[in-house]
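Everything below concerns the one structure shown next.
Each chain carries a letter (A, B, C, D and E) given by its place in the written order, and its residues are counted from 1.
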Amino acid sequence: QAKEQFFPILSYRVGPYGANGQSLFGGMIDYLQYVNMKGGVNGVMMTWEECETEYNNAKGVECYERLKGKAGANSAPVFPLSTGISYALIDKSAADKIPLAMVGYGRTDAVDGSVFPFAFTMVGTYQMQATAIVKYLKDQNKGSLAGKKIAYMYHDSAYGKEPIVALEAEARVNKFELVQIPVAHPGNEQGAQWLKVRQERPDYVIFWGWGVMNQTALKAAQKVGFPREKMIGSWWAGSEEDTVPAGDAAKGYMSATWNVAGKDVPLVADIEKVVYGAGKGNLSDKGKLGSVLYNRGVSYGILAVEAIRKAQEKYGKGKTMSGEQIAWAMENLDLNDAKLKALGATGLLPPIKTSCEDHEGSGKIKLQQWDGTKWVVKTDWIDGNRQLVHPLFKASAAQFAKDKGITPRDCKKAM
Amino acid sequence: MLYREAGQFKASFAEDMQIFPIRQDRIAIGLLLAFAFFGVPLFASEYWFSAILIPFLIFALAALGLNILTGYCGQLSLGTAAFMAVGAYAAYNFQLRVEGIPILVSFVLAGFTAAAVGVLFGLPSLRIKGFYLAVATLAAQFFIVWVLTKFPWLSNNSSSGVISAQKIQILGFSFDTPVSKYLLVLGIVVVMALAAKNLARSGTGRAWMAVRDMDVAAQVIGIPLMHTKLTAFAVSSFYCGVAGALYAFCYLGSVEPDGFNLDLSFRILFMVIIGGVGTVLGSFLGAAFILLLPIFLDNTLLPTAHALGLPFSNATVSHIQFMVFGALIMFFLIVEPHGLARLWQITKEKLRLWPFPH
Amino acid sequence: MQFFFEALIGGLLSGVMYSLVALGFVLIYKASGVFNFAQGAMVFFAALTVVGFVGKGVPLPIAIVLAFGAMVLLGLATERFVLRKLVGQPPISLFMATIGLTFFIEGLAPMLWGDAVQPIELGIQDEPIPWLLERFDIVVSRFDLVASGIAAALVVVLAIFFQKTRIGRALRAVADDHQAALSIGIPLERIWAIVWAVAGFVALVAGLLWGSRNGVQFALTFTALKALPVLVLGGFDSVAGAIVGGLIIGASEKLAEIYLPPLMQAGFGGNFGGIEGWFPYVLALLFLLVRPEGLFGERHIDRV
Amino acid sequence: MSNAQPAPATERYLSVNNIEVIYDHVILVLKGVSLEVPKGRIVALLGANGAGKSTTLKAISNLLGAERGDVTKGSIEFAGTRIDRLTPAELVRRGVIQVMEGRHCFGHLTIEENLLTGAFTRNGSRKQLADKLDKVYTYFPRLKQRRTSQAGYTSGGEQQMCAIGRALMAEPEMILLDEPSMGLAPQIVEEIFEIVRDLNQKEGVSFLLAEQNTMVALRYAHFGYILESGRVVMEGDAETLRNNEDVKEFYLGLSSTGRKSFRDVKHYRRRKRWL
Amino acid sequence: MRLNELQQVGDAVAETAGRKIGDVILSLEHISLAFGGVKALTDISFDVREGEIRAIIGPNGAGKSSMLNVINGVYHPQEGRIVFHGRERRAMEPHKAARQGIARTFQNIALFKGMSVLDNLMTGRVTKMHHGLFAHMLGFGPGRREELAHRQKVEEVIDFLEIQHIRKTPVGRLPYGLQKRVELGRALAAEPSLLLLDEPMAGMNVEEKEDMCRFILDVNDQMGTTIVLIEHDMGVVMDISDRVVVLDYGKKIGDGVPAEVKANPDVIKAYLGAGH
């Protein structure tokens, strides 16, 4: 009987974000399959089960509870891929001692591991991303944004509102004017917002959209003649799913990303060869291989599998790890360049080193541009403004601890 | 054979007007309650509590609320989720801002807050009817959710608008396990369901139904339309508000305004329609059906597909689920437009006549 | 001031896009008294079918014809398996059935054609008309103009159809009383099949235009939400209402989104944008308080 | 009194054979009803409230579906073919039309539009349509006055005329008339029955009419059936029925001494002999 | 007209004289009502005395139902005034009219279809019930006791109308005639002082009409309820009413005791037809 590590996968493949889900979860599952085909993690095989959440909080909770039952104590990290669901699961996962991996989304103050031992806002938070984008713009403008006007157009939900604090702080520091333009869910009509852009005539639009809001924005920008080169999207507004439907209107559009698109990453090429070669691929539309979201899914897989590997190093190779053990590993992950290279993932995602104080572990982004057919990476890794952002997390986490009556761990002892 | 009322004579009107006039029904309900309170905690798993039983009860309560408005009073509403949101946020704020307030009091106040908002949005019903009103209630749906996102004070200035429900403590006992939460919710729901049943068979309920069936005639026989409709809005929203508070405190633990979206409103409306418009029982049957059906499909479709060797991807299975769900709703409406409760009633009638067909 | 006009024009034009979807609702409502919630899903289905065929290498015009065929089939099936069995049921049952239908279509469409978000290229550029931009600094999109033209044409044709033709009259009769319509020999089945086919056609047009605007994808179903306030404001059963309602909603919504939040900000502080979600509904509600059957809707007859 | 000709022996025209109707799967309403309408005849279907008259008519015209009713037994034939599975529209095309109890006009359509929809199954020329409309208007001048009013706002009697007129527009051969006199002023009742007779004699239209106003019905009908609790309890030609003691007492309100005053109605009831 | 019929009419009138008919309780003065262009009522005046049975007759569309609607406030006349129990007003509000003791039945039955017969009758007592929401919620206590007390009253009505067997049946399932009776019951349950009946006997056979007449007469006799009645069956009108108003095209063309009205040439021309 081979040892197994069970992944509860809360996926969404139907509904408004179904198209995004196809790529994301396709990538993640393909990677798990790939690991298995390469012999697993020290012989431990990855197994998984999907549960459709439809991006709906209540269904997400139901899925979690159901799959949790199947996982028992030995659950691989859960990726609740929706800010709403991740919020709903924070308490539960802590109680169940199941690591909650919110990679590039979710409750941002969970960066503070002393209050959130089982929640991991890994790789990057929206705030770090926003400040990194500001930094990029600053570089574009010879180091100063003074007197510039930047519009922040966002999905009017938790997702879009998180970065506002950081952007407002940046605006004060860098003396640019910040114009906030919220877009009501789902954002399939943005006439007014772009008229507002016409009225304000900002130098840049930082764009925090999701789903249909993205293509609509690109089309609307074209309609009012706003240059797409001056529009910089978040990493959830920078995938093929967003640009392709906008057609020509997307050309020149920039976006942030923490993972790189394309099949030229050796790992992705290898997955195509190994997994799809054996006919075991998860994607029904192979064209999505190497897309931004697919590669993001692969990155999720890497993070999870590497955490398991790390846990095994400490708690016993070739064994099934418990949720708690994996949580420890996720808190002590060190994916440096060498490791990434060994995985064939150089350049796919930034190096990551997490700790109890810092579940984020990176906070770096690249900027990419849509050339009409594909995303082209434009920059090297750009760091967010940690000094500005991380204290915000600390304060917010402290507040949470107070509300919930949690006594924060002492991170010094957490090792 | 067992289900007969023959031989049960009613000697007084009081007996005839009992909440469950047939003895077998009374026994069945008693057993059911006993089972729910004492039996279920013995062998249900945590999954059952957190993912099925608790949401079932909460949704049933919300459906009951909507049923009061739509089923009994005939005012179609698509804004249920928003009233739940009001309840959730109100309960949170009462807990947050009033020192030492007992949680149950918070729930009741949350209900009242929702009722007040409900009355406000019920005012147009005095002039607007039918689908026009339904669309008008969408105004409530969108507006309330917007207000909750836009006034940070309501979510204690959380940058995201998300609130995390406080701990539940009653008389020093804290309800933090799924079982205890289940019992709390069950208790509240049972009390409120009984109250609803009482209301429905009282003068208030009759006034509602009269307005539903024919408002001009109702007015002519002396039922004041305004008062009647507004009480329906108030009571309905009260129920939804409490359901919303329970949703936040006993089910999800943390909620965001967007969670109370139109989809949720529709789900609850489904429960009412599929369960049976204008019946208390229907709210429960409907909630069970709408909640369990997708879970059931989830658990059966994929294994079935695999067992049959069909090359279905997960996505396809999800799509089929959508289709089956939609088809079943249509199917039920066709088979019995009056919902599961009516099916149940017909079954009972047949049972009573059994073995004769008519 | 110039900006105000730009906003106004933009609003009016996008309002026409709402009308287009609302029109589908009106058709079915007028013809059967059914509030067809599935209209949004039909828009999605139609557009997806077009893109699906295009993706299989079928030229666009043929794909459109094929998609129309598919819509007719869908209409026939709906009539055959759902509506026919619900004759004489209260409107709310029929309404719920169409919600069921919505789910069904939302599952069926991507199952047939995949979930990928795809563009439709109709060959009409959605860019500012240059000379307007240069001369007056006003942005008016050519695409919007074309869309309005199409919508206007549809409205005229449908209005004539309903008021002047035998079938149109029969349709209105059916909406009033199913059973009586049956009793005088109006074949409900056929009538409904026709209406659903026409509604399918309207959905197809709406799907093409909206799809080429925002890409063809699941979110097209949300267009229904934009159409509802238009519908109540204009009156459920008025073709003209759909267009006037669309114009009013479109224009006021844009203007409100631009001019209201600053006012609210001044009043309460904070950031109050994003009112588009509710504003049309509240506006429609206010209108209804004055005219409970919408601007052009037929008065509800209740006599004793 | 009756100036109807004696019925010649005609072929079987409309015949209902032993039908049973159940509503809502449980409520058995017709318990085996058989009746016949020979061609060119007026047949009255009499009976107390709830006897099942309307149900019988709806079973014939196949309108039960909309009320969740079902014909579970028996057969219905018209002009030699079974019609129990035909759609109402097909029946109308074949000439069988029902005027429903309770008027059922299309409230939002004008009176004239109501009438025009009646001609839906007959695609004649514009001229023919106008002629038919004229004919109906000569039968019901009141309708002509109200032709542009929405039917929902006309009085009960006007709606009744509208409903009958609407059926006439379909050029039927066989009309199932359900309570045509209900709510009509006495003068109009006479008028309507005169119209019925006219249509019958001049155009050979057959009628099956369910009527409470037995007095009038038996004056115009050739033949009658009496329905009680879903069963035919008595049948015979109009003359016979009119002279039956029970019919006299219960349906015509005549006692042995002639018509009794409604003021003097006794507080007891005699059992009907046929029960 | 047959001789013995005339005889009976005469008897009825004579009998009327012996009954206790009191003062005018309702008087309508110069009422005019129009809907857009349609004049439903033009300058109509008449009165109703306490304890009498007052019939309104007239051809279809004459404005009879509209008249009732004016009396209990469903329609508000453009001109004229209404004096009820000495209080003068321009128009009534329906639910206030109900509280002042006006109850009615409708031409097209307006029962609450989704409710049982019993519940329909109970709604008739709404104006007499005082407990509110919270008392009702409990299911015991004063709300319940009130409910029981009223149930008692309603059962009396049920017994009176002989509809015990259908007490729990949803009214939608009842045949037409019984629905009419239930509707009468709902009006009676309110113990009105003025009862408006809009064609209570339409669609009934003679036997049922006889029953209905008996109920109406009993209500009138035993409870002293004043009744305003619209009816097309001349036999009924002539037999049971004390005075008759005749409307035609919204105008009053006759008013008086039945025999008088019946002989009025205008009435014969407009309404009765030559056959009578």
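List of remarks:
In this text, a contact is a pair of C-beta atoms (placed from the backbone, for glycine too) under 8 Å apart; a residue touches a chain by one contact, two chains touch by 3 or more.
Everything numeric in this text was worked out from a predicted model, so none of it was measured.
Counted as hops between touching chains, the shortest connection from chain B to chain E is 1.
Of all chains, the one whose CA centroid is most distant from that of chain E is A. Chain centres here are Cα means. That of chain A falls 36 Å from that of chain B. The distance from the centre of chain A to the centre of chain D, each centre being the mean of the chain's C-alpha atoms, comes to 74 Å. For the pair chain A and chain E, the distance between C-alpha centroids works out to 74 Å.
Mean C-alpha positions place chain B and chain C at a centre distance of 31 Å. Residue positions 27, 153 of chain D each touch two or more of the other chains. Looking at chain C, one finds that residues 106-107, 110, 115, 271, 274-275, 277-278, 303-304 touch two or more other chains. Touching of two or more other chains is recorded for residues 146, 149, 216-217, 220, 315-316, 318-319, 321-322 of chain B. Partner chain B is touched in their complex by these residues of chain E: 72, 74, 94-95, 97-99, 103-104, 106, 110-115, 119, 122-124, 126-127, 129, 131-133, 136-139, 143-144, 147-148, 151-152, 155, 186-187, 190.
The touching residues of chain A, counted against chain C in their complex, run 13-19, 22, 156, 180-186, 188-189, 191-193, 195-196, 198-199, 211-212, 215-216, 219, 222-225, 241-242, 244-247, 249, 284-285, 288. Across the complex, chain E is touched by residues 13-14, 17, 19, 194-195, 197-199, 202-207, 209-210, 212-214, 216-225, 231, 235, 278 of chain B.
Interface residues of chain E facing chain D in the complex, by the touch rule stated above, are 2, 4-5, 8, 11-12, 15, 35, 38, 57-62, 65, 107-108, 173-178, 199, 202-211, 213-214, 217, 232-236, 239-240, 271-273, 275-276.
On the chain B side of its complex with chain C, the touching residues are 76, 124, 127-132, 134-136, 138-139, 141-143, 145-146, 149-152, 215-217, 220, 262, 266, 269-270, 273, 277, 315-316, 318-330, 333-334, 337.
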